[in-house]
Amino acid sequence: MFNFSPSNEQEELLARARKIMEEDVYPAEQHIIPGQGLPKEYLKPLQQKVKDQNLWAAHLPEEAGGLGLGAVFLGLLNEILGTSPIGPRVFGTAAPDTGNMEILLNAATAEQKKSYLDPLINDDIRSCFALTEKEVSGADPTGIETTAVKDGDDYIINGEKWFISNAGLSTFTIVMAVTNPEAPRHEQASMFIVDMDNPGLERVRDIGVMGDYSEGGHWELKFNNCRVHKRSMLGNPGEGFKLAQKRLGPGRITHAMRWLGVMNRSFDLMVNYALKRKTRGTPLSEFQSIQNFVADSAAEIQSARLLTLHAAWKMDQGEDARKEISLIKFHGAKIINDVINRAIQVHGALGYSKDTPLESFYRESRAAHIYDGPDEVHRMVVAKRIFKEYKKKAEAVQV
Amino acid sequence: MFNFSPSNEQEELLARARKIMEEDVYPAEQHIIPGQGLPKEYLKPLQQKVKDQNLWAAHLPEEAGGLGLGAVFLGLLNEILGTSPIGPRVFGTAAPDTGNMEILLNAATAEQKKSYLDPLINDDIRSCFALTEKEVSGADPTGIETTAVKDGDDYIINGEKWFISNAGLSTFTIVMAVTNPEAPRHEQASMFIVDMDNPGLERVRDIGVMGDYSEGGHWELKFNNCRVHKRSMLGNPGEGFKLAQKRLGPGRITHAMRWLGVMNRSFDLMVNYALKRKTRGTPLSEFQSIQNFVADSAAEIQSARLLTLHAAWKMDQGEDARKEISLIKFHGAKIINDVINRAIQVHGALGYSKDTPLESFYRESRAAHIYDGPDEVHRMVVAKRIFKEYKKKAEAVQV
Amino acid sequence: MFNFSPSNEQEELLARARKIMEEDVYPAEQHIIPGQGLPKEYLKPLQQKVKDQNLWAAHLPEEAGGLGLGAVFLGLLNEILGTSPIGPRVFGTAAPDTGNMEILLNAATAEQKKSYLDPLINDDIRSCFALTEKEVSGADPTGIETTAVKDGDDYIINGEKWFISNAGLSTFTIVMAVTNPEAPRHEQASMFIVDMDNPGLERVRDIGVMGDYSEGGHWELKFNNCRVHKRSMLGNPGEGFKLAQKRLGPGRITHAMRWLGVMNRSFDLMVNYALKRKTRGTPLSEFQSIQNFVADSAAEIQSARLLTLHAAWKMDQGEDARKEISLIKFHGAKIINDVINRAIQVHGALGYSKDTPLESFYRESRAAHIYDGPDEVHRMVVAKRIFKEYKKKAEAVQV
Amino acid sequence: MFNFSPSNEQEELLARARKIMEEDVYPAEQHIIPGQGLPKEYLKPLQQKVKDQNLWAAHLPEEAGGLGLGAVFLGLLNEILGTSPIGPRVFGTAAPDTGNMEILLNAATAEQKKSYLDPLINDDIRSCFALTEKEVSGADPTGIETTAVKDGDDYIINGEKWFISNAGLSTFTIVMAVTNPEAPRHEQASMFIVDMDNPGLERVRDIGVMGDYSEGGHWELKFNNCRVHKRSMLGNPGEGFKLAQKRLGPGRITHAMRWLGVMNRSFDLMVNYALKRKTRGTPLSEFQSIQNFVADSAAEIQSARLLTLHAAWKMDQGEDARKEISLIKFHGAKIINDVINRAIQVHGALGYSKDTPLESFYRESRAAHIYDGPDEVHRMVVAKRIFKEYKKKAEAVQV
């Protein structure tokens, strides 16, 4: 029913990743510039080391230069990378680029792949994904108002996008726009590759946010009669929603996997500080309130871990794991925030300061309740799927 | 790392157990008399059916007539049996007899086995375990005050025991008494088999409790110069604590496994009622508050399940699973109570009535926070083990 | 803005009530028979003492023999009476009789008062209130299906009622039935007084419930062509809903007031036991987990208290307090359950036994989330009222 | 027992304060520079307006230029000022200056008052309070390691202070240092006024923190043979702890009062956004999950409010309110964080952005669990006081 055990070969890869994290990545964290990430002079050598050790862009299929080892393995890897804000970037698996890679792998022409996918995989260029609009949540890609109107061999795109992560550093964006408002709801939109220096594409402003992981900001973008050749379309007209779904599902579980890393690191910090720090001569580890924090966190982290790996395992079996992914999305979002919160509390004023990573974790993780669909939506999704399953069962019995 | 999948043969056994539950056990529940269980005329044929299908006393090793299929399998089986208050009794795995079987298997002489173990396994007689005293919690079998003083070939037992489950129906009890107060703390006590009709053993009163699963009550017992032959001792003098530990650990996880059954049944009742019941024309299943109940319960039940199976899997590997068992003990106790509570809330007044099993589940499950060690103790245990592990790691690094 | 201080005279009355509780009521609790309350031979002398000291039926207006001191005073009094399951009965303020008294005071004719109200106030007879039906929650008295059809000078009542508390001991019931299905939704039903020995009124069964406070059970009633004279109607035709509302609102706050008593008593038991009980030589009061229980309970009880008194104070000002009452209904229901739960946990197995009142409190209080409208409905009510207020404010600004 | 109602005159003052907030302070918030507050050109005119309307430095006694209207009034005023990060500064009641004012009022000589207190009250200069050390929490001013050694007419101060808020903008600091290590624990330390430009006082670094309310940072300070004249001492030798206590107690409740403002503003934002924002055509206000957020927040805010006013009222009666203040400290800290959290969730990505004040509230309020003593300590304090009360009661009964 469940089998989450990595093979020996996989164990070896994970050990190698852990070693790089401990020897290279954590020490490099001191050079992070909040909101800008790790400067290139530190980043590039680390990325090269990862490439040399065949751990680069592990999420990709083998033929695209990745490891192709499936979702459970990615879960185990991402919980290692996720322990550091710069882990994903160092290992070539940073959002939102990874999601774009998946779309390009699925739908790009050979030419598009050569121009956009290859340099993206190699981290020579960066990208963003222009889906969300002010009135359209990222969880529901229907109902968008940006349009792309055919004009000879071109499309002319008009509309405003919001909260577009990484737009500040991107060479291109993938944009979703309605090409046929008359089509059925899920077939109205198409995807286009748009170069960020297209004169019809305006970077309006970098919306400030609570977290400071993102190096490329979260932008408002405006498409003003933005003209692109029809060759810029990804896939066929009307396939935008279909492609987006392919991107969103795995993206959600990737988040959940990285959260495990944040939980684990926060837990380590909490436990080690509780052992070291004394109040009136007694180590914090001997206070029951602190012990309760540790015990509850251990239970919750382990449960997040098993739920995530279970969802990944279902994906590896080729089964529909949407319910499992929604479930870990809202359940894990609570756990990551609670664990960090307790770790901060154990550290006291130090935890509230920028002297440990906890403060940044705390701010960044608040978004976990929101991005890729707010908790409230995922709870609804899970419940509705369950109700449907039970209805089906009841009907089966009646027949 | 984790592999909880049953073999095909095991799957087949589980399917058989599920079938008996659905076809025989649930329908028999209407005959339960609260506080007395299922009357013999209904119980005995069901037990025979289970025996006929080779599912009887599955927890025992093969040579003792059980299935000997390990802890993960027992987890999967117990979550089936646990869906009904009478499941364990019907399948020959009811507490406290199972725990006593384990002690007898471990430590009884051939003669003791013949007189006590064999009829116990066959459910011809029942038993109880007299450990807890008013001032000594069941979680900590040191410090007990009942004494057994050598007198020729006999021991004379004096002391009071408290909350002795099933004493009302027992033919014998296993009692823990101090035989050597001078010995080190964990070697002071020994275990004895005492027939319940021993004139020195007084059943003082059945302490009423909130739950009504127990058929044999929870008794205060008094040993007044209770004389037993030294052949009644189990194992060697001073081994009482060691034997008790063997009993308590697995007992705790057996509880956690059965809780899964209660959670699942409560969840089923909740979902099905929410689909059926309408308020002002709208099914409850369409209200977001109800959907939240369902989604949160699904996440929590799945996490309890995975944590429990993981602990069982560690036991099957021969590893020390005490941390994992303590963890599921307090974490699962919260989940079972929360899930039942939500299921009752969805049912409204009906959930508060005795017309569904939820009301009895609610009362019975409150004890999960207390028996086999209160949550507060298990949290402490988990935290202390974690602190120890981290200390060891830190020291290893320093060397 | 807030003034919850009792006058000196009121203080004196409260002190007198406290004295009776301590000297007479608590000691009498040992004679309670679960599900049947305090036997008459113990109850009657206590009631007489209360009458002698002018504390009887304090909720009634002065002209009806009560104290007429307003809602804040009743809050302060009920938190005293509520500390014991038998408190309300001893002081002549037991549900559901009090609610019926209020209806009769409001709507009964002189003749009806003489026959029903006077003996009811004096506790010579008991009564019940037949509103709830299986498909109609007690929170929403529209949509009931029981009908009363005019037939000459009589009405003929048909229908089934459910969960009718105290029906087992009642001399009469007040029943709500539709007299005009064509009228607007809130004017369809009327109320009638029906003698319980009316041959058309069948007591189908006492539905068992989790709690055991009620002496008169919770019944299914069936009206089979139950014939009553039109003089049995309360108020005018179609006024049933209006009268019910008058009853439900104050009833809800009376519950909340009594909960304070239960909270206080549970808190006292918890604190005193934690001081007394030792584990391995250390009193429980020195464990941080226990201290956390005490501190959180103190904060929550005080908040429930202040919220309840504030709602009462608004009622005394003649202001609409429906939002405040709904708010304390769901907020207090959580607090009472949490406080009892912690008190039980501190007591361990003893708390789970029937040797303290906590076990009964626990079962009884689960209903607080359900009766007089489930939490989910009250949350909705509060939110909707707030949204309405904010809308109004926003519109006022725009004008 | 409780009377929190303001007089008519007080109501008029509160209305005036509300008007300034709405007309002047909220519109000025757009000019706030995170971490630096409101620039002087905007701040000074607002402060003048407050002075003109006799609302300046309301916390001070009348003779010192304040309003002297007691703690309940300050509660009602601070919940107005607290709605904006710049409110306290605009109204002359900003921490840590207010705490220093209280010490100076209590203990300063006429000369000290003239040099430090008068310009401080007038906001001509700013100040900081150097108590906390890395190994000494702000909650427990015993055990500090900084020393002040008599040297002729001078004292020579050595030691390191940590997390000294506002040091970046201060003209002077009040520092706590041990003058007599032989004295009883609470009489070892004394307080000194030290000019920030004293050559022996080094501003080591501004420790970055999560929140950005503070304009003057949170600093590490180092005293290197810092020489001050003995006239710089506040009060008498050994009175440091006593003076600190006077400062800390009221400081804690001032925090709790301002939290009410943050809660109220977050609540307003949440409710108004839920009314306005639609998802798939339905306003958020019609979703039950959102309604639950609103209802729970309403209950909790009201409870925080009543608990805070109650503690203030006790202070006004001259009674010991330490238990009540500790209680509101940990209870309110949870509520403020929960309410902001829900308000952010309702706003989705917008709530996570810097486009509303919620993001800043969220970061700032995390500190509420920590400053002036972590929750864990206040829970312990409350519990211990309660245990002591009950012990006393029990002993009184026995006598």
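Per-chain residue numbering starts at 1, and chain names A, B, C and D are given in the order in which the chains are listed.
One rule holds in what follows: a residue touches a chain if its C-beta (ideal position, glycine included) is under 8 Å from a C-beta of that chain, and two chains touch if they have at least 3 such contacts.
Molecules present, by chain and UniProt name: A, B, C, D = Acyl-CoA dehydrogenase.
Please read all numbers here as calculations on a predicted model, not as lab measurements.
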item	value
A-C or A-B, whichever has more C-beta pairs in contact	A-B
Selected pair, out of B-C, B-D or C-D, that shares over half of its residue contact pairs with A-D	B-C
Whole-Å gap separating subunit B (Acyl-CoA dehydrogenase) and subunit C (Acyl-CoA dehydrogenase), where each centre is the average of the chain's CA atoms	39
Separation of mean Cα positions, subunit B (Acyl-CoA dehydrogenase) and subunit A (Acyl-CoA dehydrogenase) [Å, integer]	43
Where subunit A (Acyl-CoA dehydrogenase) and subunit C (Acyl-CoA dehydrogenase) are represented by their mean Cα positions, the distance between them in whole Å	52
Two or more partner chains touched - positions in subunit A (Acyl-CoA dehydrogenase)	287-290, 292, 376, 379
Graph class of chain-chain contacts, one of line, ring, star, complete, other	complete
Complex contacts: residues of subunit A (Acyl-CoA dehydrogenase) adjacent to subunit D (Acyl-CoA dehydrogenase)	132, 135, 137-138, 140, 143, 162-163, 207-211, 218, 278-280, 287, 289-290, 344-345, 348-349, 351-355, 359, 362-363, 366-367, 369-371, 374-376, 379
Subunit A (Acyl-CoA dehydrogenase) partner contacts - residues on subunit B (Acyl-CoA dehydrogenase) that touch it in the complex	1-6, 268, 271-272, 274-275, 285, 288, 290-292, 294-296, 298-300, 302-304, 306-307, 309-310, 327-328, 330-331, 376, 378-380, 382-384, 386-387, 390-391, 394
Complex contact set, residues of subunit A (Acyl-CoA dehydrogenase) against subunit C (Acyl-CoA dehydrogenase)	287-289, 292
